[in-house]
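Data block below; observations after.
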């Protein structure tokens, strides 16, 4: 909802000659509008359709305000520290193949897309000649001009007018969006691996966009991988991803976030499932200063399966907020959600999981569990699992626990000779192991488990 | 729709058994609310100046507040100028025995199934019955007085025990706490006051029956219970209201204070008029109930069975300030037809080694909506806090909704907080099994529902538990009884 | 006692029973055997009146009356008892309450006087002891947390208490160890009488070592394809169901 503020600025509205309400951008929004103007002035002309869309998104953004903790959805997460800064877009910085190789996931055969500071680097990525058959990958602009992206185009229009300003912002800036289409029946064995590097002293903002369209009967895996930056300067990732699973498609979606503790991330992900499809998400958050993830899954047709897995392992002053929304709109669907986290230091974890079962969604099975270990005096956890049920023939449950390590288990391990620290670490590792064990790609699982292990030992 | 579903619906559409009105002449203020209304009200009640000021402060603050709309309920806007803020039975009674009471009134209680005479003799329950706004009869007073227990109407307490009222009124629910609490603080008409002295165990269950009678009368009770060190009291509150077309607003405030080692058990059976099958009429029940476990090892236990009201919005809460204090909330909330309920609790852990338990059982039928909303907050210094919450929802029919909104906020790493929730329908399998053993369908439903609510019913005092089961049967099974 | 003629029944549009004919006289024990998915449990549930099963054709007369016209509880009152394959759990409803309500509901319907609390307790305790069950069980919620064996024993207890005229056991022996199996067999044998009949639906012949049936029927693909004496069960044990399938594949 737009809030009146002091300064009026209607430049973009005037430009595209559209009647906008006399809503006024607040200062913080203003920073981003300025950045938008500046970027447009210096970048090459975009295809008209995309340019018009982005202008409309920017105009909409101008009339918005950023959420505050008075907004129910942002009750536990303040974005003030993120949006009060003035950001610049990232510039490509030198990176060589050895650096990429050393950051790769061992023994994972992947199709690589390398980004540095938000800019795509074709030279370090898997060349298009080596993309597997059945997988079409296009840039956002390219895809939007084509005939086959009606779904994406409609989504973008909705995002341009979205009530979440970060979604609108991503749409306005939307550089380097990628559209991946998996052809009917195609089984793509190698996961697409988006390696997001950031480097350099300069602070920057990036707006990644990912589109996955899995046609009927196809199988696909994709991984968004945010690597740590060496320099301790901040950057801000404002990402949007959209996945559409047509009948009987299966998609594994990894998000591995291990950025530096100066990094900010706001993610927004939408998933739509048609009948008999199976969507599995594996979200791991190890890094970041303030991280907010929204994951919305809409079940449009019957007999789908959805598995949402999440890990958050945070310390120091980290803040990770996971918001999931399972929208059961049709009968006979199953969803299964497991988010587990360990919060230490002065870190704060937030989990808000909503399961909505609409009136026609009979025979729904929806399960949700959120468990958190709170391991230091200053750590904070806020959990808000919600069930909203409008159909009667359903089985739904959710559970949330916040607690500590089991003292008797620690004692048991110590009687077997483990030092206290080892015993504690082992139990924590086992606690998160319940989630990692759901990851189907062994190389990824091993990799994530090693990261978890390292972080636990280096506490 | 399956046949058994139809039967379920037949069973769940029932008529309000207690829909009748009593003809007692009442003195009524004109509709509307302003400072003059409050001055007149206060004068009428011969209140001290400080209380008038207290009311006015609440009123002035209320004017700056907005009616909250975050609960998961929908209702017609309330016109606060279209409400009568004071009505009293005209024959201002002061009775020593029941014989002097208006027979019409006694008859009303009889229809409600709570004949005072019988209760006096048999149940050992002292009844402070409130018709509309003024307390008309109090029993057992003398017996309680011997032990130093004060149990009287709020107005009387203001006159007889001003020091206690001044000390505790608004100490748990400040007059600016929320929109409806502020309104209540400005215009509360009457209610009950209970004081249990140090070390005294109240020998009987204290009970109040409220009743909204005059059409268009907003009812604004104020209840205050203070339990001194080492004392115990069990307080029962029951409500029924007659059938009316207009919606009636009910905005009560209940404050409980438990000092060291004190234990307050507060039980409610609420079956205000829920409106008709199309959602016409019915009570708006917007209540603020809060208990303060001020002392060490103190304990406050809320038990509620909510079957009535068109709109229910209440969260009996516990502030666990004393070390080793205990807060409990046991609730059965039934909604049918077009009823809407948004209810739950808040457990605020502040002291060390505090414990809280939440057991909430929601039953939705017809086209109703039933929400559980609860907050468990463990403060930074609340070492070793434990909470367990169990929130279950049972759905009867395919047009109703059940919602669960728990908030868990933990700022201390020695806390253990567990929340579980399930939603399911009355199982066709369960019904078939019981019917195969020869039970009628409605008996089978009754048996399953009572089993489902058992953990809450067993927290109620015996005579209340029986009444609660009956109410449930009436709310859900129509023709029964 | 029971006369089934050309009974057809379907679930969600799939025909499961395709013309069952069966005559059960008072005092008889009939075993119904057959491979998985042949319609055994469907038959048991149709007789008890389960709604999901739609009878599309045929008649069932019970003591000369139209059984299919009767409600589930009316059938129970008339003496039809089903021992469930999967007894359901009902949280919060104690065994004692449930048994008391069930016994009195049946007595009322049969025009008998309700039992007084004392008589009731005595009656239930006796039968509980006979079945070798722990009395503590009466305080537990109905079937909640019961082991598989306990649930089946509980079914037998209810059968003993409700004294039906026609008891249908739906795979009561599945998954039971030999001790529990004996309890089931003893319960049936103890209740055998000239005016009481049993239909024992089972996948295995083992139970029939302890309960000697008067007739054995083989149900296959929704029809009774073979009937015989107790020796048919032994035959099936030895040769399995495959020869039945083959014979009928040729015929069908």
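Every chain is named by a letter (A, B and C) in the order it is written, and numbering of its residues begins at 1.
In this section, a contact is a pair of C-beta atoms (placed from the backbone, for glycine too) under 8 Å apart; a residue touches a chain by one contact, two chains touch by 3 or more.
Model, not experiment: these values are computed from the prediction.
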item	value
Chain-level touch network, classified as line, ring, star, complete or other	line
Chain at maximum distance from chain C, centres defined as averaged CA atoms	A
Separation of mean Cα positions, chain C and chain A [Å, integer]	55
Rounded Å distance, chain B centre to chain C centre (Cα mean)	49
Whole-Å gap between the CA centroids of chain A and chain B	44
Multi-partner residues of chain C (each touching 2 or more other chains)	none
Junction residues of chain A, two or more chains touched	none
Residues of chain B touching chain A in the complex	70, 393, 395-425
Residues on chain C engaged by chain B in the complex (per definition of touch)	48-52, 71-73, 75-77, 81-82, 84, 87-88, 90-93, 97-98, 101-102, 105-106, 109, 141-142, 158, 162
Chain C contact footprint on chain B (complex, rising order)	2-4, 427-430, 432-441, 443, 447-448, 450-455
Residues of chain A that touch chain B when the two form their complex	72, 359, 362, 374-404
